[in-house]
Structures are given as structure tokens and as C-alpha cells.
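So that you can tell them apart, the chains are marked A, B, C and D in the order they are listed, and the count of residues begins at 1 in each.
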Amino acid sequence: MPEAFSQTPWALVLILLPLATGMISFLWPRLAISLGLVTAAILILAVVGLGWQIHSLDGGVYHHAVGGWGAPLGIDLYADGLSLLMLTTTALVGMGVSIYSVAYFEHEQALRFWPIWLLLLAALNALFLSADIFNLYVTLELLGLAAVTLTALAGSKAALDGAMRYLLATLLGSLCYLLGVELLYHSYGTVDIATLAERVAATPVVWAALGLMGAGLILKTALFPLHFWLPPAHSSAPAPVSAVLSALVIKATFYILLRLWLTLFNPLNESVATLLGLLGAAAVLWGSLQALRQTRLKLLIAYSTVAQIGYLFLAFPLAAVAALSTWNAVAYLALSHALAKAAMFLSAGNLLRFGGHDRIADLDRVVQRLPVTAMAFALAGVSIMGLPPSGGFIGKWLLLEAALEQNRWDLVLVMLLGGLLAAGYVFKVLGHSFTEAPVMHEAGTVPKAMEWAALLLAVAAVVLGFLTVPVLAWFGLGDVAGIGGVGS
Amino acid sequence: MNWDEWIPLLVVASSLVPGLIIFALAEERVRLRTALNLLGAIVKLGLVGVMVWGVYREHIYETRLVLLPSLELVLRAGPLSLLFVTLSTALWLVTTIYAIGYLEGAPHRSRFFGFFSLCVTATVGVALSGNLITFLLFYELLTLSTYPLVVHRGTEAARRAGQTYLIYTVCGGALLLLGTVWLYSLAGTLEFIPRGFVNDLGPEHDSALIMIFILLIAGLGVKAALFPLHGWLPQAMVAPAPVSALLHAVAVVKAGAFGIVRVVYDVFGIGTAAALGVTMPLAWLAAFTIIYGSVRALFQDDLKRRLAFSTISQVAYIILGVAIVGPISTIGGVVHLVHQGLMKITLFFCAGNLAETLEIHKVSEMNGVGRRMPWTMAAFTIGAFGMIGAPPIAGFISKWYLGVGALEAGQSWVILVLVGSSLLNAMYFLPILHRAWFREPPDQWPADHQFGRKETAWALLLPPVATAVFALGVGLFASLAFSPLGWAKLIAAREFYQP
Amino acid sequence: MRDPSEQAINNNPAQPAPLVRVIIALLVTGLGVGLAYAILSLPSNAVGLSQAVNLHLEQSGVTNPVTAVLLNFRGYDTLLEMVVLLLALLGVWALGGAAQFHEHAPGPVLDTLARLLAPLLILVAAYLLWVGAHAPGGAFQAGSVLGAAGVLLLLSGWRPRIALMALPLRLVLIIGPMTFVAMALLTLLSEGQLLTYPVNYAGVLILVLEAAATLSIGVTLAALFVGGHPQDEQSR
Amino acid sequence: MSSVFAYALIGVGLFTLGLYALIVHAHLLRKILALNVMGSGVFMTLVALAKRSGDVPDPVPHAMVITGIVVAVSATALALTLMLKLSAVSGRATLADDRQD
């Protein structure tokens, strides 16, 4: 059995399985739900397998030349610690969301949801495994269309409007990215990241490419001030979709940005890092303040995402000196934010199903009427606030450490303020969930699966805080920071 | 396997596990819930007893779990930690009994007792922390687990109080976090050791160290209700009486004070702290808080608010004793950690009894209540006299050692503070006692719940009487080896005289 | 204190004020100039990957380099892109169809034209598919012509039978991407690598893939043209 | 050779024109068209520069463009349907103005 286990090309399973099941569940809708759950489960297994293979390989890098041609003529698949981090996040959140969706989507909507959801998973995995910037473009589009469609699935006016903004933003982002890709291709005759990494130099074309790709990806990642499309879209989508959008989809473009940064653009110039850090800081403060202002739960959570994205960008100016602790911090922040934010959106969905509204002010004693959901939201909140014990705390601690090592007091201040504001908006919700609402609503029933899926993810985000050493070893980001991302 | 490595963890788990189970229990499973609570408390007490005996024989109990590649989660039982652990464990048992009686038939008890247990877990964790990050971890856990208790009643007022409580404590937590990370990036370790771990940092770091000290003390001062960070405490009075007892005597305020003791002794080391010149300002701040709290207490008619301000002033004694650099004052401060707890919890229990039985909330309503509830008021009287510092009750011991210590350290001004505060204590406690015993009772109480021939329910009556007897006992038998005083002497000896 | 995004261009139904438009125009022009400069700084001749392609062309199974790249060297891109097309249709259907598709009674001209052109177009599509192996042409060109034929028929009022609407239609829609995935699995099992065709069979396999792709592309395009899900259409 | 760059620059021109239109026009149809214009610009530059490899143009960009076109078609189809649906629900073919609700 271990023999077979180690021989299975898990990386390809990660891509082909959801593709196939997605199409099959479109062909025979009756199979959709069971296929979805099975796929989600196997994906977790596949990630474990891939991780195991990566660790057993020397250099800790997985390669697969599609078509057997190899770069630059063909397309290479590639996986290292960073890819593994994102794949693991996808698998975990994917599992939680799948369980939740079984109960959430009813007949007609379920038929539409499952194929697209499975294809979206395939798109994410393909994206995290690609080592080819044009192939990345295709996966980006795949991801974008799937995400937009799922957003519009709610069918409400707000949802359609949000989806439209999202679509325009994501298409614009992709076009900018594609133009950058073609500039790189035409100056270096390859779209393979590793090959580019050897040839790239600070020429005007590369600068233009950096600008275009950077701008496009930042727009898709919704980094302040290009976040305008995110709150409407993430707040109006169906709960599980909001969870996926905030937890995974925007992380995907961040991953590409990070990957390109580590391999191609990092050597170019420090000032870019400073700029990214600046935007990140602005995002943290602005997003948190906006979240604090909101009266609708889902909008509050969406703005919190805008803020949390900012933390990830604080890493860029810090990585130059304290690479290891910074990238570990990013790993932890990304993973725990994904879990916690997904849990938050799912519990928001439960509250919406329960009270028929998401006005924070009249949550109406959900603490005792919907305890599991309230607990899920609270635990997720702990991680989002970065309070111990939680994954969020570890990430924040590592980032603070990196910032203090190089006396970046400005960033330290931003992180602390961000934490305080986060506490502000999380406890704004929790406080109101203890009190009675002025107007009573009769309560809808929330399926158990929905409540427990949310709690599962939230608990995972908290437990992460105790598993630092194994988790960091599993991702082995030390090497990533060391060898600048691509194992060459 | 070696039990010594597991006992500290078990002590923490002995309240954590019951707490988690209780969350899952249905509201009506009263018996099982009560059994779990008491079982946990008794097991914890037993384990603590074992550790007390061991540590007295210089035995080390230590649990280490890896938290970060370079940082460990350390639970260690030293003399100082045990003093606090013993206090909170014993008082948890008493408070649990009291809460069971107090919340008879009240809604959402599963939630209440669940967080109640988490709260004690956090406190014990704070007490046993072997390094600053472990301390930070449990300190924040304490914040999180007390919040639901403060807002437990779910009224708008409760929500507001909870909000205030959080604004203070979360900000405090942030300062503490900043100080901790900063210290870590300077010293490369956070391990608590007698006489501190920052001594060998060069003088070029002094300014940074002073900043860190301020950050840490500010962060802890919030929970210790040190002026001007005390604002949340009087507001938190909306919480049920057992919670107030918990906040004031067992957990929150104590955790803050204990933290300050830790920082001064085992992070900086009393010598380094004095050399940095940070102890004097701290002493002044403490002294001011003592007077300020007492003065504010004078003008409160609401009984619980008066007690709250009294707490603010009394806890500052602990900090004062630490900040006057000297072994004897240290003894006074440390021992007051226990004495204040015993006396203050007694007073809060009694206040709770008055509210529950006769729905008396104001001092002005207490005329002649001593005749209706003699046992309760007897306990109250002992507590009050203890607070004033009348011998032979516990409070006297603390104040005596503080005074002598101050003289020994050449800080005679402290005497004035002590005398002044004692006078003020008398001024806000004696009128209550006079009303209770010597005024005519009104022909009609605000309300009068009958409990057979008893003045009130057993579960409500026993705890205050017990704690009052304790408060008397630790005063009378202060000279015994295992008395809080004896223990405090042990601590001071290890802090000052060991090579 | 409002989020600037709420005033952001995208949200603003009215056109921005003239001044704003001028500023935007200037910024955009600046961007254009920058890009132009960057492009002009490129060397005036570069081989790119053309040599590499020519080098491996005979192993690719086809002689048309573009087809070779699309179906062999970068076949993986094409696989994913077939899925993109399918996803678009899933999206359109998930939206529950657009405002319904207006019927015009087809005039005699359109009617005859459709009758004449549709078979021709299908023939052309077949030719393009076949010729793609060694000359410009291939699955996408063929697919789009096929799609055009479908559109023409739909315009002239032709409707496939309801029975064909459910499973058969879905089957045709996914046959392209599905064949690709199947091919990927087969090659993985036989060659141990994704989409590595054995040299002797490469030509045939590519033709199979292209045929399937053409069918799916054509039908998908026609279906996209219709908008909503056919069954919704019929039920109206 | 210069004709290559002429075409490439026209592509850039289309890209920027499209960007401008995307920003200033409120009507969704115009926005979608603007995106298509941008796309054409990108594709044009891509193929134009491919001609630099001599008389036989570099086939890889052509393949990329075909892929790109298919993606563009799909995206446009989805966008148009979304627009129709939105205007059917909200009664206008522009994005809602947050300041009103």
C-alpha cells in the first residue's frame, strides 16, 4: 500500500479529479452531491500524498513536464512548500464548504452549484501547481468565471450587481496580467517561471511587465485602494461562496504575486516592496475602520477581509532582512485567515438563515438560541483578532518579531492598531448576540451540518495555534525563502 | 512516565475539561453539572496540595510543550505561583458552591459554569506560567473567558459594561504583547527566573528596558485596576455576584497584580528594576491608587460599587509592597495577595446574600439588617475589620509587614499612606456596620424571600462564613509554616537571600 | 468618512465630470506612452520559441506548428480552456437565462439562406478541422464556423426537439473537455506523463481530440447565443 | 520590421482606449465592449511581435491568442448574460450607486 501511495501522481489527481467529477456531476446531476463530498475528501488525501512526496524528494520540489516536452517548449507543473501551503488551505476549506453546501443549497440551486464548485476547486489546484505564467493566466480566467458565476447564484439584485463588479474587475485584472505576460515572453522567449528567473533583468520591458502584472494581480487580490469590488461581491454572494471567495480565491492571486515576487521581481528593486508594504498598512487600517462602521454582518466580514489581506502585504518590506520568520508569518496568517474567515462567513450564513436578516443590532440572543454558530463565530474571531491561543496569534507574533528585529515601528503600530480594531468589530457582533432585539423575528431552522461545518473550520483555526512546529515543518517555507521560491 | 512533568498540566486540565463538557450539557442536567464542577475543584485542590508539599521540599514541577520553534509553553510550580494557585483553587471551590446556590433556577447555567471553569483555568494558567508568552496566552484567555460572564445577563447595561471591560483589557493585552515581543527580540528569552533575565543586557538597552517595563506594567495595570486604568471595574458590577467575587478576589484583578509581581521579580529582577529607577514611580502610583480608591469608595451608596472602589485601593497594596524595594515589604505585598482575596470575597458574598434574600443593593437600605441576617453580617463584619486592618484579622498582618518593610527600606512616607488609607477604610466600612447592627430595621424590607428557619439558603450562607473564618485563621495562625505569611517569607527569602 | 470605492469609477452611473475625464485621459495616455516606450525598447528580431517548435514538429504528429502548439506542446492550456468555455455556459445557465430570446417569423430570404448555408457551413467546419493538421485551421476555427451554423439555424426559427435538450445536449457540451481529460488519464497511465502522445499515434489522437473539441465548441457557442437554459426556454 | 512595431503600437493604443472607455462609461454594455477592445489590443500586440522571428512567425503567440480569444468569448458571453439579468432585475443597465442605498 505505501508503495502504491508513494507512486500515485497526487499532484495530477488534484487537478484531474475535480475536473472530471465536475463535468460528470453536470452530466448526471443526481450524482452531484455524493461526487462532491467524495472529491473533497480525496483532495485532502491527495494533498497529504503530495506533501509526503515533496518531503521525500531532494530539494523538496515536485516537477512534472506535461506532454513530456519540458519548459520552455512545454508546460511544467511545479510544487514546493508554498504551493503545498495553498493546496492544503484549499483542501481544508474545500472540505468544510462542501459539507456546509450539502445542507445550504436546495434542489434547483444545488444542480447549478456543484459542477461549478468542483471546477473552481480544479482551477485553484491547477493554479497552485502551475510553473508557467501563461498557463497561470488560463487558470486565472477559469477561477474568475467560476467565482463570478457562484457569486451571482444568489440571484438577488445585490448579488447580480456584486457579481458584475467582480466580473469587470477580474477581467480587467486578467488583461493587464496577460499584457505583462506577453511582454515577458517577447523579451525572453519563454513563459516558464524558472527559465525566466535565470534571464530576467531590470529592463524597461520588465518594469512594464512588473507594473502590469502587479496592478492586475493587486486588483484581483483587492488590495487597498483597488478593493472597491470586493465588499459588494463578497457580502451579497451565498454564504459558502463568500467563504470561498474570501478564504481562497483572493489568496490565489496573492500566491501568484508572491511567487512572481520571489522568483522574478524581487531582485529588481526595494522601493516596490516599500510601496506594497505601504498599501498593506493602509489596507489594514482602512479595512478595519470600515468594518467597524458596518451595520450588516456580511459587509463587516467582507471589509475585515480587506483588512486581513493587508497583513499579508506587510511581509514584503520585512522579508528582505528577516526572510524566514516573515514567510512563516505569511504562511500562518494566510492559512489561519482562510480557515477563520470561512468559518465567519459560514456562521454569518447560519445567522442569516436563522433570523432572515444580517443586521448586527438585532441579532437577538443568538448566543443561547444558536450556540454552536455563535461559538464558531467567536473562535474564528479570536484568530482574526490575533489573540492567543490561535493561528492568527502565531502569525501576528512572527510578523511582529520580524518588524521589531529591523525597528519597523510604523508596521508594528499598524499591526497592533489592526488587532485592536479587529477586536472592536468582532466584539461588536458578539456583544449584540447576547442582547435582545427590539423587534422579534420568528426563527428559521438551521441544519446541523451547517452549524458544525462552521465550528469545524473555526476550531481548526484555533488549534493551528498549538501545532506551529509540525505545520511549519510540513510547509518547509524555510527553503522557499532560502532558494527564492523556485527550486533551481 | 514521570508524574512531575504532568501535574501542572493536570492542574490546568482539571478545570478545563469539566468546563468543556459542561458546555455540551443540556440546561436541565443540574446534578451532573454540579458534580463535574465540584469534582474538578476537588481534584485540582488535591493536585495543588501535592505540589505545595513538593515545592516546600525544593521539588520542581514543570511541563514544557513546544509552542514555536524557539518558544515553549512552560507551566512551572514555584513558591510564588503556588501561593496564587492555592488561593484561586480554594476560592474557586467556595465560589462554585456559592454560584450553584445563587443561580438556582436561573437560565443559561451551562454557559455560565462553562465559562466559569474556563476562567479559573486561565487563572491557574497565569499563576503557573513559566515564561512571559505562556503568561500572555493565559492572560488573554482570561479576558476572553470573563467577557461572557460580564455580559451574562444579556441586558443593554451588561453589554455596555462588557464593551468597556473589553476596550480596557484588549488595549492592555496589546501593550503587553508589544512589550513581550520587544523584550523577546532584545533578550532572546522570556523564561521567568528569580532576579530576572535582563540583567546581562548592556546599559545601551536601558531606555528600551524602561519603555518595556512601562508597556508591561500598563498592560497588567489594566486588570490590576491601577489608577488611571481602573475605569472598567466599577462598571463590571452589573455582573452576577459570583462573577464579581471572581473578578475581584480570585481571577482578573489578581492576575493583573500577580503579573506585576512577576514582571518586577522574575523578568526584570528587583535589583535591575530599582537600578533602572522604575520602582519609585510605581510605588507612588500605587500609593495614589490606594488613597484614590478609598476616597471614591466613601461616596458610593451602592454597596457593590463601594466594595469595587475598595478593591481598587486594596489591590494597590500588593503593588506598593513590591515597589518598595525590600524583603519585608515584599512579604507584606505578596501575602496581601491572599489576604485581600479572602476578605474581599467574603464581603462580596455577603453583598450577594443581601441582594438575593432581601434585595438590598444600597448602603442606605441596610438599617438593622444584622438582626435579620446575623450570620451574613457577622462574616461581613470580620471582612470589614480585616480591610481596616484591625488585629488579629489577616489585613492587619499585611499592613504591619508593609509598614515595617517601608521603614526598613527608608520609605517612611508609606506609613502616612497606610495610616491614611486605614482611616478612610474605617470611614467607609464602620457606618455600614453601625447601620447593620445598631439602627432599627425598617418594618418592611424591599423584598423578603424566606428559606425556612435559616436566614438564607445554605449554599449562600456557608461560603461567606467559611471565607470569613479563613480570613480570621490566617491572621491568628500566621506564624505557622504553611500559613500564607510563612509561604510569603519563603518567597521573599528565595528572591532576596538566595545566592 | 466613506469608502472612496463608493465614489469609485465603477460605481458611478453618471459619467464623471469633464475635468475628471480629462485627468483620466491624461493618466491613461501616460500609461500608453510608457507601454509604447517599453515595446519599442524590444529588439527588432527575436526567435521566440519558433526554433524549438520546428525542432520538435515531426514528433508532434501534425505539420501545422500552431496546431502542434495548441494540441501537443501546450495541450494542457487547451484542456483548461475548453473547461473555461464550458464554465461560461454553466454560468449563463446558472443565471437562469437572459431575457427570453425573441422569435421573428423568419422571412423567406433568411429561411432559404439558412437552409442553403447551414449544410455548407457544417461542411466547411469539417474541412477546417481536417486541414488544421497541416495548414491554418483546426478545432477552434471549425468550432466557430459550426457555431455560426447553429446560430443561423436558431435565427431562422429552428429548434431541436425537446428530447435532445437534456442528457444528449449536455453530453455533446462536455465531450470536448471530457475527451481531453480522458486522454490525459490514458497518456498518464501509458506514458506516465500527462498528455504525452506516443509519436506514431499522435496525429490520430490529436484528430480525435480536435473532432470532439470542434463539436463541443460549436454547440457551446450556439447555446451561449441562445442564452438561457433550453429547458427554461421551452417551458416559457 | 518597423511594420511589426506599428501593429504592436496600435495594439497598445487599443488597450489604452479600451481602458479609458471602461473607466468613464457607465453603461455596462459599453464597459463590456471596452474590455473586448482592450483584449483585441493585447492579442494584436501579441501576434504582431511574434513576426519578429523572421518570415515564419513564431507559432506560440498565435496559439496563445487562439486560447485568449476563446477565453474572451466565454467571458463576454457571461458578462452579457449577467448584464441582461441585472437590467431585468434592477431595471437599469448600469451598476447600482451605493450612495442611494
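Here is the rule we use: contacts are C-beta pairs under 8 Å (C-beta built on N, C-alpha and C of every residue); 3 or more make two chains touch, one makes a residue touch a chain.
Since the model is a prediction, treat every value here as computed from it, not as a measurement.
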Most distant chain from subunit C, judged by the mean position of its C-alpha atoms: B
A-B against C-D, pair bridged by the larger set of C-beta contacts: C-D
CA centroid of subunit A to CA centroid of subunit B, Å: 43
Centre-of-Cα separation between subunit C and subunit B, whole angstrom: 71
Centroid distance [mean C-alpha coordinates] between subunit D and subunit C, Å: 15
Approximate Å spacing (C-alpha centroids) for the pair subunit B, subunit D: 68
Shared-contact residues (touching 2 or more other chains) in subunit A: 134, 138, 141, 145, 148-149, 152, 165, 168, 179, 185-186
Subunit D, residues touching no fewer than two other chains: 15, 19, 45, 49-50, 52, 60-61, 64, 67, 71, 74-75, 78, 82, 85, 95-96, 98
Junction residues of subunit C - those touching two or more other chains: 6, 10-11, 35, 39, 42, 46-49, 53, 73-74, 77, 81, 84, 87-88, 91, 95-96
Interchain contacts (touch definition) - all pairs: A-B, A-C, A-D, C-D
Touch list for subunit C against partner subunit D, complex: 6-7, 9-16, 21, 24-25, 28-29, 31-32, 35-36, 39-40, 42-50, 53-54, 65-66, 68-70, 73-74, 77-78, 81, 84-85, 87-89, 91-92, 95-99, 138, 140, 217, 221, 224, 227
In the complex with subunit A, residue positions of subunit D that touch it: 15, 19, 22, 28, 31-32, 35, 38-39, 42, 45-46, 49-50, 52, 60-61, 64, 67-68, 71, 74-75, 78-79, 82-83, 85-86, 89-90, 95-96, 98
Subunit A - residues contacting subunit D, complex: 134, 138, 141, 144-145, 148-149, 152, 156-158, 160-161, 163-165, 167-168, 171-172, 175, 178-179, 182, 185-186, 232
Contacting residues of subunit D [partner subunit C, same complex]: 1-2, 4-5, 8-9, 12-13, 15-16, 19-20, 23-26, 45, 49-50, 52-54, 56-64, 66-67, 69-71, 73-75, 77-78, 80-82, 84-85, 88, 92, 94-99
Of all residues in subunit C, those that touch subunit A in their complex: 1, 3-6, 8, 10-11, 34-35, 37-39, 41-42, 46-49, 52-53, 56, 72-77, 80-81, 83-84, 86-88, 90-91, 93-96, 167, 170-171, 174, 177-178, 181, 184-185, 188, 191, 193-196
